[in-house]
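Here come two complexes built around subunit A, the first alongside subunit B, the second alongside subunit C.
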Partner chain A sequence: MIPFDFDYYKPESMDEAFKCYQDLLINNKKPLYYGGGTEIISMARVKGIVFDSVIDLKGIPECSQLEVSGGKFRIGAAQTLTNIAECNAYPLLSKTIKRIADHTIQGKITIGGNLAGTIKYREAALPLMISDCSLQVMTQGGLAELPFSKAFNGKLQLKKGEFLVSVLIEENDLSLPYNHVKRTKQEKIDYPLITMVALKNEKAIKTAITGYGDNPIILSERIINHKLYNVEQKINKIINLAHSDCKGDLSGSREYKEFVLENMLQEMFSNFEKIG
Partner chain B sequence: MHLSGNSIIVLNVNGEDKTVMVKPAYTLLHVLREELSLTGAKSGCENGDCGACTVLVDDMPVKSCLMLAVEAVGHRITTVEGLKNAPIQDAFIKNWGFQCGYCTSGFLMVCHALAMHKPDADDPIIEEWLQSNLCRCTGYEEIENAVKSILSGNYK
Partner chain C sequence: METQLGKDTIRKEAKDKVTGAAQYTNDLTDSPMLYARLFTSVHAHAQIISVDTREASAMPGVRAVITAKDHQVICGSMLQDRPPLARDKVRYYGEPIAIVIADDEMQAKAAAGKILVEYKPLPVVNSVKEAFKKNPVIIHDSLMLYTKSTKEVYPVKGTNICHHQKIRKGDMQKGWLESEIVVEGSFSLPQSDHAAMETRAVHCMIMPDDSVRIKTSSQSPYEVKESISKYLNIPEGKIVVQVPFVGGAFGGKACIQPEVLAVIAAMSVKGKWINLANTREEDMVTSPCHLGLEGTIRIGAKKSGQIMAAEMTFQIDTGAYSDISPKITKAIAAECAGPYRIPNIECDCYSVYTNHPYITSFRGFGHEAHTFCLERMMDKLAVETGVDPFQLRLLNLVKAGDLTPTQVKVTASNTGNAVECLERLKAIMNWEEGARIIEENGLVRAKGISCLIKTSDTPTDAGASAVLTFNTDGSVNLDCGATEIGPGMKTTAAQILAEKMRINVNDVYVKLDVNTQSTPYLWKTVASMTTYLVGRAILNAADDAISQLMNLASIALRCPTEELDFENKMIFVKHDPELYIMFKDLVKGYKFSNGNSFKGPVIGRGSYVMGNLTPLAEASGRGTPGRSWTVGAQAVEIEYDTRLHTYRLLKAATVIDAGKVINPKTARGVVMGGMCMGLGLGTSEDFVYNEDGIVEDTSFRTYKMIRYGENPEYVVDFVETPQIDAPYGARGIAEHGIIGIPAALANAISLAAHIDVNRLPITPEFIWRERLKR
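Moving on to the complex of A and B:
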């Protein structure tokens, strides 16, 4: 049971949603955009979040798109993880989101909620961080398209009142060879100890991880693809470089996470070596 | 749509339209149990972890503790009361799929949806769907046997 009341709005267009948020602000309200609501409801239940109105984005057509068209995979921010995985246009993304929470909750969590949420893992961001990807954001000046790296820096960089409308991924990246590993403390269904994803194109391997520290991070592409280092040297250098990002928590100590990452990287290099 | 304070909404539950007074903060679980007296969906963790509150929304399993009742407007809700002698219910009895029964309605809904959507499900798919729910009494094997007995795969 949520122990306080709030108002519920379900706009049918991007403009209506944006205006609704602004109007509520002017009236000294504390609105929240609402995707799947799983984080909002579970935090509200324990009074871990403050708001008095929610604006449900699921009635906005642009937030519900899910198609490959015009050379891009277009995913509305209010699309559920289940729908994205079932359509399977980007197998690395499907594989990653099929390991977020559990199968039933994947039908409720939205990709926008996973990227914008306060729970630090944001696993759905990993495949987007290493592909040619942009985000459509509803801003004061209308719909803006921003490169993923500009709009997401471990966390979604949105100004107050802005909301994520869609994720666009270049079609060329969708079928690249990939690697995905999620390690948890114990159970299969759990937050990650570390989740690592990697993509290999004709020029380079790109890798991102989450669970290691406060936010998802990209591992140094320069070191991973360095021509003069052998695999062991690359792994040592990556771990040294990411040392300051590494944080121990209930899932594992800092030392343990570094040990686990070392093994994950070893596995990743050897997997990509096999496919040439 | 804008709802504030006590509001009247129509929910389609087990094939019938029900008019109900809700506040936007009410979860679907709360409305089913407290307003509609459908107590089959159970409250466990209310945090998305246990699955005891699972119902079907448009034939897909949903943890009703993590859904607002207002979100369900315009969708079809099925609770365990709406199963009405579905094959999975008999399969649970024949395979000893429960002990205390607290988790059972949630498991029944997941298994029923699995049989509907993936009648040829193999072991990894069965595992993926069942892992959304927890049972503190059985060893899960009985539940797995029950669902396998109604799938059209190679299990019969």
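Moving on to the complex of A and C:
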């Protein structure tokens, strides 16, 4: 149970939502944008978060789009993981988000919430980090489109009052060969020990992982695709390079995570090798 | 009349439960209702310098804020060592310090957040090892001054040991001399949680005449009444405890914990119900949990594998308070040899305080823990001697005439047929194909086995009673003190009664809840003893009712009772069955044709108390801890990935000597549930402490249990060697499914990965680390 009252707003346009937030700030309120609410509710229950008003973004059409049009897969930030997976326009994304939490919760969690949340894993970001992707963000100056890497660096980089409207992924990237592996401490449904995704286009393999440290990270594209290193050398170099990012937690120790990553990379190289 | 036993019988509460109509404690609507919330410690060990409740008291809706200074209660079922609200210091993370009572739950929770406590942290005893070392930090300074509720608890002065149980059997020197092989092992099992679906909840009101009404999710309604009476000096008759359906208990609701807090809270707001319901986090750490155990075993054997001697030390991590831990210590000591004949034994079993959450009974009552140690040793001995694990166990099983560690003579009736259990298990697991099978892609399939044994370890005077009343159609109402905690106990009770009265089970109506004011006494619904205790009471009650009915029928039919028989709600003359009278014409007394009536309504009453049990002697452990032992054999088959060190559960099997299976489907269900819990302990369940003794996994986000889809194929089979003194021969089986499963899993993984699994849970990281050591 949440032991305090808060106000609930459900704007119907981006402008209205943005203005609502600013008005609340001026009135000394502590607003939060609200998507699926799973993290807000569970943190409010244990008093890990302070707010007195929420602005639900699910009533905004741009935040609810889910279609491939104009050469892009357009995903509204307030779309649920279940809907995105069922639409299945981007199989790697579908596969990744079907392993976030459990099926019941996937029907609540939104992609915007997963990217913007405070829980460190942000698994939904992984496929976006390695594809040609941009984010539409509502800002003071109106709707802005930013390359994913600019707006997301381990976590979403937004100014106070800004909110994520949608995710746009280039159609060309949607059907590339991919690799997805999620390893947990033990149970299938759990936070990741490490989740790894990879895409292979004509030129290169791109790989991102989460669970390894504080935030999702991209593994060195230069090493992964290096012409002179063999697989073993590549793996050693990647692990050495990511060593300072690696952190132990309840899911596993630092050394164990390095062992697991080594295995995952071996599998990935071998899988991509098979398809040539 | 067709038998009512051994047939799948739909449980009496099935329709209520599947439709959601069944009510659990916190579903009951009591009014006017106030809400109580706890303020709990953020330290594992600290002095309380001050508790400032002023701001909390001034919050909207707050009726009262209660701390230790408002009462003088000290709790403890064996050793009174626990203030229900921390006094002067806190001894574990999550320990209650204050209760806030407010008009609604939100106000109570908000106000609890405003309590200010100043602590002075003390050094934390974060493991049994630290508690047991020389000159340890002492958690209870007044250990030797605590009031004992029972004589058989032996704290050790100047230590953190609240109980020491010894077993001394045979001649150790002789045993070691006769041994040709010695194997040793040390084991470590973490604390964990009961994780019942329903968290503990209590409703309580103090009436204007100071009587106390309690509704609680409990396995021990009568002990709630007795304990509250004792702790708060209230006449027992003024306390009424009601228990509706209980949503899973697993031993965790046998202790008296939230009830005391609820009564203390209700006393400050007389005439109003208060609601005290645990959050999941509180249920995990504030309320008591499952024991941790450290064990060291040394076994001496002949080259043939025959065990000659064993030396064992067990230390229970009892956490901050003793609760029932001394009795679990006793149970482990009493059954330290498992189902095996060990002529010479020296066992020292300790209950040790730490700054962890305190423990209480848990399914298996310690057997699930020490069996892990012993059955790992059996496999180590098998490796050492080269004897097949099945053969080694068969070779060492107790036989009629052998003595248990507490020197009770084994008989077929009191122990059952473990040989048959092992033989059947061997076939189920297809042992002939081998125990370690290499498959493709770096996978290995492996099997591990374990035996199990358990007796009741009840007090020597554990008793039960039952009352039967009749409806005018001749059907029977049954009331007994068993709380319906999940395994369908009341349906089993109805079957026993139906069988005895030779009526259909549908003609038995059971009262599903318990009310201590009207429901006849039962010690507790624990120890897998309810079928035995309540069953015996019901048989006596049925005899009582039948004899009354027969006497009436004798008058009605003008025929001596020895010429009468009964069946299907009818009493008839044996040599002339056309002369009969129906129960319905007798249950309110008999009315003659002229209207004269004779005798009143029939009430059957029956009671039973455990006979011939004795406490264990302090020096030798000699004594009789139970009426019988249930034995069985279990196995787990896994598929192990030699590259990743992950594994998958393929199959889990149990063959258990049930004496007599009364309701096959629920019996299978209860054994299967035990196996699933055992796999949870084996694979993933543990409390993780940081260096300050804080539990880090207090929710299901991080405390992982077996999920539906992760369960293996379960096989359950029953052997039926009747226990002569039990109702229709039925032995206790409710806990037993859990006992050998962690060991069987560990044996399978040890074999698969060529490692020595000596702790739980067995995570892939653990296997990886053990492999690195090789």
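Things to note:
Keep in mind that, in the parts below, the second predicted complex is superposed on the first by the 276 of 276 C-alpha atoms of A that agree within 3 Å, B and C clash if a C-alpha of one lies under 4 Å from a C-alpha of the other, contacts with A are read in each partner's own complex, and residues count from 1 in each chain.
What we mean here is this: contacts are C-beta pairs under 8 Å (C-beta built on N, C-alpha and C of every residue); 3 or more make two chains touch, one makes a residue touch a chain.
Quick caveat: nothing in here was measured; it's all calculated off a predicted structure.
Once the two complexes are overlaid on the shared chain, A:Y256 sits against subunit C while remaining clear of subunit B. In the overlay built on the shared chain, the residue A:K47 is in contact with subunit C alone; subunit B does not reach it. In the superposition on chain A, A:T104 makes contact with subunit B only, not with subunit C. By the touch criterion stated above, A:M1 is placed in contact with subunit B and with subunit C alike. Touch criterion met: A:T82 reaches subunit B, while subunit C stays clear of it.
When subunit A is checked against subunit B and against subunit C, the one touching more of its residues turns out to be B. Contacts of A:I189 after superposition on the shared chain: both subunit B and subunit C are touched.
Subunit A residues in contact with subunit B (one complex) as well as with subunit C (other complex) are 1-2, 4, 188-189. Contact residues on subunit A toward subunit C in their complex (touch as defined above): 1-4, 46-47, 183, 185-191, 250, 252-253, 256, 259-260, 263.
In the complex of the two chains, the subunit B residues touching subunit A come out as 1-5, 23-27, 30, 46-48, 51, 54, 60-63, 65-68, 70-71, 110, 128-129, 131-133.
Here subunit A touches subunit B in the complex through residues 1-2, 4-10, 36-38, 41-42, 44-45, 54, 56, 58-59, 82, 98, 101-105, 107-108, 188-189, going by the rule given at the top. Interface of subunit C with subunit A (complex): residues 105-106, 109-110, 113, 281, 643-644, 683-684, 688, 696-697, 701-702, 704, 706-707, 709-710, 761, 763-765, 768-769.
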